[in-house]
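A, B, C and D are the chain letters, set down in written order, and residue numbers restart from 1 in every chain.
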Amino acid sequence: MTVRIGVLGGSGYTGRELLRILARHEGVEVTFATSRSAVGDPTPIPRLRFTEADLERAEDLDALFLCLPHGAAAEWVQALPEGPRIIDLTADHRPGSGRESAAVYGLAELNADEVAGARLVANPGCYPTGVIGALRPLLDEELVDRDRLVVVNAASGVTGAGRTPRTDLLFAEVEANFRAYGEGNRHRHLREMRALLEGTSLLFQPHLLPVSRGILETIIVPVPEGVGPEAIRAAWEERYGTEGAVRVRERRLPELRDVVGTDLLALGAAAVDGIDPPVVTVVAALDNLGKGAAGQAVQNFNRMFGLPANQALRLSPP
Amino acid sequence: MTVRIGVLGGSGYTGRELLRILARHEGVEVTFATSRSAVGDPTPIPRLRFTEADLERAEDLDALFLCLPHGAAAEWVQALPEGPRIIDLTADHRPGSGRESAAVYGLAELNADEVAGARLVANPGCYPTGVIGALRPLLDEELVDRDRLVVVNAASGVTGAGRTPRTDLLFAEVEANFRAYGEGNRHRHLREMRALLEGTSLLFQPHLLPVSRGILETIIVPVPEGVGPEAIRAAWEERYGTEGAVRVRERRLPELRDVVGTDLLALGAAAVDGIDPPVVTVVAALDNLGKGAAGQAVQNFNRMFGLPANQALRLSPP
Amino acid sequence: MTVRIGVLGGSGYTGRELLRILARHEGVEVTFATSRSAVGDPTPIPRLRFTEADLERAEDLDALFLCLPHGAAAEWVQALPEGPRIIDLTADHRPGSGRESAAVYGLAELNADEVAGARLVANPGCYPTGVIGALRPLLDEELVDRDRLVVVNAASGVTGAGRTPRTDLLFAEVEANFRAYGEGNRHRHLREMRALLEGTSLLFQPHLLPVSRGILETIIVPVPEGVGPEAIRAAWEERYGTEGAVRVRERRLPELRDVVGTDLLALGAAAVDGIDPPVVTVVAALDNLGKGAAGQAVQNFNRMFGLPANQALRLSPP
Amino acid sequence: MTVRIGVLGGSGYTGRELLRILARHEGVEVTFATSRSAVGDPTPIPRLRFTEADLERAEDLDALFLCLPHGAAAEWVQALPEGPRIIDLTADHRPGSGRESAAVYGLAELNADEVAGARLVANPGCYPTGVIGALRPLLDEELVDRDRLVVVNAASGVTGAGRTPRTDLLFAEVEANFRAYGEGNRHRHLREMRALLEGTSLLFQPHLLPVSRGILETIIVPVPEGVGPEAIRAAWEERYGTEGAVRVRERRLPELRDVVGTDLLALGAAAVDGIDPPVVTVVAALDNLGKGAAGQAVQNFNRMFGLPANQALRLSPP
């Protein structure tokens, strides 16, 4: 059986990444990919060119991926025919959006069973994938001291900001620079993190890196007396196993190059001496276009259609 | 009067930066600059070439800058003749080194009077310059809640690691990467920070940026109820004024490009909503080779010899 | 005497560079700098903010710099009052524009006397400054074999393309890439080069580098039998001397880092063995924003107003 | 049948790239990979760690790849037992080495039949792969005017210089820089190019790019009257077809990002107006670690062992 797929909004960074992954996915057929700005241009799928969006073509589909600007997906979902199951890569149906009840949250490893049966999956944001992926198992195992603040310092490459031209994303503005943004706990991804980590006091401070891709999140986790990195790694391994898209590093903390070009989330933990009450340093690394967007979308797709969990995913660096 | 200067170890990144600043400094004469690896090569000083180190030549000097590998300066200081006053850019005489009693700590703005009379100045480390420069005035004004943890996430360009060839500093290893290091509060600069910020619980987590120069330190400061960014900026302005090498940004947080190529320390603060007990986000930015090393050394030199405080310093981006 | 200056179009890369140079220029007063996109923002000149363009304010000026989009300067020149002398940094009055008769071509070293008396100076393009600066003295000394093709392979940083947002100038598009453009001898700067190098058969192939600033031009020069790099360097030194903004490198070819952040044009030549008929490899390096634009504009300004030739110019790397 | 493989010198950039390709190659077993500096470290092959070199282990092999420093491979080849067929990625057996008679030159597309039967294949250099791959078909079709000079301006990423620490390859030395090297036709790859392009007058000028990977070669080809880019593309397509690792671009010239991370050689040609006698601009692009080294080695391996020509090769960007 070939699963018939459409992609709305395929010419941005996320959309192209998704199409590259789908081009390697055996057993799927991408019947169309739309774009407002690149109609007629070739896509990463052989012999497929970008077309304008057309609701009628969605009727014959099994699955539809939405890689639209935030805000545009909700309208499409309402207008669409009943047929295809939908993976929405925008923020429109994520927790905190006000529309989350219509969708299953697709953090693939935490929500596998619900994803399998979902008609509409809200694909997680890039930053939340790392933060929630790292902290949710620790909260469940009572390895976080909820009375103290969890500090997340995150840094992302520029493709996280999309491909629409903006002065502050020009090469000459980004190169040789590094800066904080969304300061004061104002990043729009916080709603999503808080919804999934309820009861945690969270400070999330993102920064812009002079790299194209990749997210590194350094998380200072307040822990109960006696909890160290071993217990944290054990909780992750218990939850995620060793065969999926989440990898726990034992020897050293993960870094950007471990994950750029992959669909992995890499996690690590390090002991901190001499701090009382105690904390542990946790690092989460992922490719914002891979596990942070298109890769996780394909993971969710695989579950929705009963395909092998890792099919077409990139589980080691290129 | 021309001040006669010698530079020991002038061919590394810090030494060359120092020589470039001194080349613009009117009223000084650099009589020699030594190097182990670049003897005979031209220096940034017109008509001066690197020579081998020679104790006897130090006798005629007014001032000697030590840009040696950490550990080598202490030996030199003991062997040197009585004559020259010394600015030591290594860690050998910094607080926590065990030799700090022999030197005055040269965080120029905090210690101006003692520096003026010092025979031996321990020039601060690059990371400590930002952390101490940001926090010391806040501690003095009781704007920090000492019962809670101060979290410093820092990121530095690669020249901070020196110019000796190492695989992990090669272009192809650093480019497109970002990584934490010194995890678990193990960076050697912590001794220095703790000595100057006694009584503060401090977590310092450095990262390596894919840039040549510059340090950005994002500091989550626990504050007493009612303390916000305005009070913090006021404390800095009170301490530092507006004419020196420390600049308080009002409108936005400082970023790397505000300071790279300068001898400035830029400070900013942002309110954080919805965290209880309260915190404020502080950002310190400096060039690790400027205010973080050679620029501050020249500031100290200016004070030691009664020269204008900002002479030869670069107080705006190139 | 203070020279009163206005800048039209000061918020692009060239305009800001010009304002940074003028901020260091003693004896000038920048009375206004205009911008369409940044009205109200601070300029690099202390206490000066960008304003909208206003013809009337030009009346009181001694000098006006035009850093406008190509095409817009010609209109302004016609509309302007008689008063100020004009340095036009656009292509509008360069050789080959059809309007060159109205202006003096300001390749500062080649045309010093005419520049001194000019009312309107056409500031050269960035690529032509290197190519003409390298080749014009060689042609004058009969060191080029005009029967054969001169091949120029040039590479430029992205600020050469301006600061208006374009997808192809985004960080994620430029980083880790390198590409030829303007292939087939179609770059608009060719007219200017040909006008100044008449009788030379020229192939000019530019490329886009993943750097912010700087141009390197590798020129394969067909030479008469017996002509080598020594004769070429001698011709340059004869023409340019050793004190100005053109520097001849003896020991090695110039590279980008020799000139980025400066107002220098660096030239070098290397012998080529085993090619018959003979050629010499010439390399010209300059900062497209320095000697390639704003730096040369200030050089021309200095001559027009009888100021020291190098005033405010940056003649060594920062 | 599983082909048993060994890799000597697997921890440099080329060796690791080779191991990554082999990790995806079905039907091969890598039994060992050696390293002088990384013994005990993990390789890109699951469950395989680097070991010291051991001649005896080579006896059981079907194939041995040599990724050694230039000069070391020739000794190994003499000392090795008769068993394995060898792909030598060093320069030791390439044309012009003096040892070329012992080996078949493995420019895969030009020499397929000989490679299939070879015991020892000399894998081509990175620069020669592009230059020879572009020009050899044109020479064979009489599309090059041999009386005039072919000018090759080449630019390469830094992994081409290997992974041994050197000051000039440090991040802070390469970033924001661009420079010519090997000037005067002195690059060691010229012997190889000349041997394969006999009778052509060739000027080869390489440059170092601030990127990790990738080579772009801009070749000014003197052509007979009436020859244009169409004839050139036709000659390439005739020689290379459309299914292999050489791709002819029709619409635009190839750029670095078309090939980085692939095992492709991309070729393009552009008409040049107004030059007499005529020339055509040709651009060749390849990844120095892919088609320029490890990818081509696997291509040769596939032919030697009768495997599908493109097995494990990366024929589109990641």
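The rule is short, and it goes like this: contacts are C-beta pairs under 8 Å (C-beta built on N, C-alpha and C of every residue); 3 or more make two chains touch, one makes a residue touch a chain.
From a predicted model like this one, the values you see are computed outputs, not experimental measurements.
Peer 1: State the smallest step count from chain A to chain C, taking one step as a move to a touching chain.
Peer 2: 1
Peer 1: Once you count every C-beta pair in contact for both, which comes out on top, B-C or B-D?
Peer 2: Of the two interfaces, B-C and B-D, more C-beta pairs touch across B-D.
Peer 1: Counting only Cα atoms for the centres, state how far chain A is from chain B in Å.
Peer 2: Here chain A and chain B have centroids separated by 38 Å.
Peer 1: Could you tell me the distance, in whole angstrom, between the mean C-alpha positions of chain B and chain C?
Peer 2: 37
Peer 1: Could you work out how far the Cα centre of chain B sits from that of chain D, in whole Å?
Peer 2: Here chain B and chain D have centroids separated by 46 Å.
Peer 1: Could you list the positions in chain C whose residues touch two or more of the other chains?
Peer 2: Each of 175-176, 210-213 in chain C touches at least two other chains.
Peer 1: Given the complex with chain B, which residues does chain C contribute to the contact?
Peer 2: Per the touch definition, chain C meets chain B at residues 20, 23, 44, 175-176, 261, 316, 318.
Peer 1: Under the stated contact criterion, what part of chain D meets chain C in this complex?
Peer 2: 148-149, 151, 153, 155, 176-180, 183-186, 201, 203, 205, 207, 209-214, 216, 218, 220, 253, 255-257, 260, 270-276, 279, 281, 283
Peer 1: Taking the complex as given, what residues does chain B use to touch chain D?
Peer 2: Those residues of chain B that touch chain D are 13, 157-159, 163, 165-167, 169-176, 210-213.
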